[in-house]
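Take a look at these structures.
Both of the next two complexes hold subunit A, though its partner changes from subunit B to subunit C.
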Partner chain A sequence: MSYVKAPAGHFTVLYFAAASSYTAKSCEHLPAPVPALELFAQLEKKYPGIGQKVLSSCAVTVNLEYIDLDGEDAQHKDLVISEGDEVAIIPPVSSG
Partner chain B sequence: MSNSAQTTTSNSLPLPDSIPSEPVSWTTDTIHIELTPHALNHQTATTFVSSPSAGATVLFIGTTRDSFNNTPVSGLSYTSYTPLALHTLQSIASTVLAKHSLTKIFICHKLGECPVGEASILIAVSSPHRQAAWRAGEEALEETKKRAEIWKLEKFVGGEGVWRANRDGVMGVRVEDEGMAEETAGEEGNVVASE
Partner chain C sequence: MSSTLIIDSLRKQISSCEAQLKDLRRQLAEAEQLRRQKQEKERLGETTVANDPLDHDMNYGIADAFRSEVYAALSPLAEENVMRRSWPLEKAEYKRYGRQLIMPEIGLQGQLRLKNASVLIVGVGGLGCPAAAYLAGAGVGKIGIIDGDVVEESNLHRQILHSTSRVGMSKVESAMVFLSSLNPNVQLTPHPSRLTPETAIPTMKDYDLVLDCTDTPASRYLISDTCILLSKPLVSASALRIDGQLVVLNNPPLPPGDPKGGPCYRCVFPKPPPPESVVSCGDGGILGPVVGVMGVLQALEALKVLTRTPEPPSLTIFSAHANPMFRTIRLRSRKPKCAACSSSATVTAEALTSGSLDYVQFCGAVNPVEALRPSERISAENYAKVRMGVNPFTGSENRREGHVLVDVRERVQFGICKLEGSVNVPFSEVARTPVTTTAAEVAQMPNRLDGDGDDRKEANAKESWVDELRRNPDKPIFVVCRLGNDSQVTVQKMKQLGLDNGGKRWIGDIKGGLRAWRESVDLEFPDY
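What follows is the complex of A and B.
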């Protein structure tokens, strides 16, 4: 992976398409650790309105794996994003 | 929009890898997957899938259309989460290959600028008989459009752009405004088949 590596104590967030438009960034480093369930709330604080306008239709990957945070039994609801992780905000795709 | 600075993309640089400077590919004897900043060459696709044991080859070429709802489109630009998109395309190709007992499959997507009339995607499949090739070609395209981590920025004449979404019922996010009816203006397919 040739994305810019996060400095110590941080993880990387990649923004694509509408997420990159909204944040005016393609990637940034945020302090780790962060419970996965709190990621969207943190981003909302940084980018007011992003939750409803962008994140509500986005998926999230951590180290190239989609994470499932929806519902009580969600597989990754206890996941903690750690130092060095690569998180990506994945808007609805549009290839072709 | 209360803060238009947050919704413009024009000044947000793509990730270093979202448009790779060189093609990124993955190949086995039967599968070729590629994401490339270069113009697509459909002969590469049909050459890869050709085989003495295949009686049928189906080639799909998706090209950039010149309008969306009568609004002139000047071009498209594609970005991707390249490592994940490659992985997803591998998974789609392997599944379709096995399910339809294909001889070979080739999927290549253009990244970066894609002017009107230029190909954005090539899918070629070969199989012993035509039915499997037709079905597999369509399935590979539909799965790619549904799942591959690739995004289309549609640019209208005059400079405005819209991020499109293929998924039904999901609004594309307009770069400078919101609320445009959703329908993708992406590719208009050309299908060539031979047996």
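What follows is the complex of A and C.
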């Protein structure tokens, strides 16, 4: 499948590996803007349990850039996800 | 293992040792020659050095990248009359590596770097096999391989160093047979056991570069931490189903606390995934070319680390069914408070070797599921009797139509083989069904229904499996899965959903699942 560009007023979320299994989706569009720190809460509302089971260990990127939301002094805690952005939820894959 | 294989393996090892001996003799000859040259120079005095035009050109007129090649080409020429001409590579090596040697990205200098390099490959499975093959093929001088497993038939679709005739042989030994016949110039070091916190430092310290080709979160943190402690760059990859990840870590490999060093595994993934969410290739499946492409990319990154200056850190994610298939994410540098590589690191060599860093505990262990009481379980033999018509608990007649057999394996597995008369309710659907909701509430759940048609169908499927089982409230329900874990969780869930009519209907699982069925009832039932 290929990813469709987000419609006006939306951003794209890409789900990889376990995130894709949990949501049964590889991507979707959500309304923008959203503060980065509120993204997980929104996804938890949509997919109950995803926070603890998947998101807690995930890497998150916005427009192919790793974002750091962990802790008080996190570098990107004020970041706002805006219209047209591409967010990726990347759980660690450990098998091989 | 047959005796022919042992003989074959020994022959290969002997030829590998002979190649090493030859290499050592060559190194000795080179060292002796250098000493002779030095003595000769001292005898002639150092009068020519300062005004030597060649010396000037070499220092000021030639780009760094080419200098050593020019030296390498010129120095034997100058000594031509003194003694037999000697080349930096063996005659056969020019031919063997010719196709990469002529590339500006490698060149003679790059080839010599590879030849002098030592690489440790942790795990010779789906990732390690292709990685090792390409690194041995490229002429990396020393390759160490670690693995504690033996070759199994189910490995062969992706672990390309092993073969049908070597099933049962240790993976390390099998890999040695393949690699030494691929390239006898490579010095191979076997480490035929699992890497542990106690052995990690002594095992890894003598190598220039490490490849993480393992398959558990615990080993990934252990290898990354050890690489930080030993200042070794690390090429880490992983793969599951149709997804893969690749990242070059600790490159440049600067000491902990130096922010200019490359990030480590903990910087990218500070928290391990919850243990119950970790899926192995055995449980989740893996496509050979998916893990193969990740292993090949590891070899490529290893060649880059060994021959080029470090690039800014990035994480490459591969997804076979996505478009584009590859995405490369820019990573930040080291995490300011990383537990392993920052100035406030808590991971130390002492903590590692003393065993106080418990990686298994850090990543969490999944205990075997023991969720049900004995009265809620039935052995495969006894279930076979139920199918024959006798209830082993009551002795009463019990025809096959008198019960429901629910198989909770995922649809694909159910499609491979199933017990006659069983109905499929995939465990993923069971797990997603909320306990507190009734069918009517499921229908009203807004988030489940706001998507496309597939979402709606899925939501309907979820309510229907519970409804379907409510339809025959008197028939006992037997739940089966592949190994007997998911079936127990399902039995509990069914009871929470009230399918047991307050205890009036028996619901239980088949102990040990379809594996037990195969082992004790039907040997012909497929083992996949």
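Methods note: the second predicted complex is superposed on the first by the 90 of 96 C-alpha atoms of A that agree within 3 Å, B and C clash if a C-alpha of one lies under 4 Å from a C-alpha of the other, contacts with A are read in each partner's own complex, and residues count from 1 in each chain.
Here, a residue touches a chain if its C-beta (ideal position, glycine included) is under 8 Å from a C-beta of that chain, and two chains touch if they have at least 3 such contacts.
Fair warning: this is a prediction, and the values are worked out from it, not measured in the lab.
*Asks:* With both structures lined up on subunit A, is it a clash or a fit for subunit B and subunit C?
*Replies:* clash
*Asks:* So in the superposed three-chain picture, is A:82 touching just subunit B, just subunit C, both, or none of them (first/second/both/neither)?
*Replies:* Once the two structures are laid over each other on A, A:82 reaches no partner at all.
*Asks:* Based on the superposed arrangement, let me know which partner A:56 touches: subunit B (first), subunit C (second), both, or neither?
*Replies:* second
*Asks:* On the A-aligned overlay, A:45 touches which partner chain: subunit B = first, subunit C = second, or both, or neither?
*Replies:* After superposing on A, A:45 lies in contact with subunit C but is clear of subunit B.
*Asks:* By the touch definition at the top of the document, which applies to A:68: first (subunit B), second (subunit C), both, or neither?
*Replies:* second
*Asks:* Look at the residues of subunit A and decide whether subunit B or subunit C touches more of them.
*Replies:* With both complexes superposed on chain A, more residues of subunit A are touched by C.
*Asks:* Taking 23-31, 113-121, 437-445 or 455-463 from subunit C, which overlaps subunit B after aligning chain A?
*Replies:* That would be 113-121, the only stretch with clashing C-alpha atoms.
*Asks:* Residue overlap on subunit A between the subunit B contact set and the subunit C contact set?
*Replies:* Residues common to the subunit A contacts of subunit C and of subunit B are 1-3, 14, 16-18, 20-21, 24-26, 47, 53-54, 57, 61, 64, 88, 90-96, listed in rising order.
*Asks:* Which of the residues in subunit A come into contact with subunit C in the complex?
*Replies:* 1-3, 14, 16-18, 20-21, 24-26, 28, 45-48, 52-54, 56-57, 59, 61, 64-66, 68, 70-71, 73, 75, 88, 90-96
*Asks:* Looking at the complex, which residues from subunit C come into contact with subunit A?
*Replies:* 123, 125-128, 213-217, 220, 237-241, 243-245, 268-274, 276-281, 284, 286, 291, 294-295, 315, 317, 319, 321-323, 327-332, 335-337, 428, 434, 447, 451, 458
*Asks:* Touching subunit B in the complex: which residues of subunit A?
*Replies:* 1-4, 14, 16-18, 20-27, 47, 49, 53-54, 57, 61, 64, 88, 90-96
*Asks:* For subunit B, which residues are in contact with subunit A within the complex?
*Replies:* Result: residues 2-3, 5-9, 11-18, 62, 78-81, 83-85, 87, 109, 120-121, 141, 144-153, 163-167, 170-173, 175, 178, 184, 186-187 of subunit B touch subunit A.
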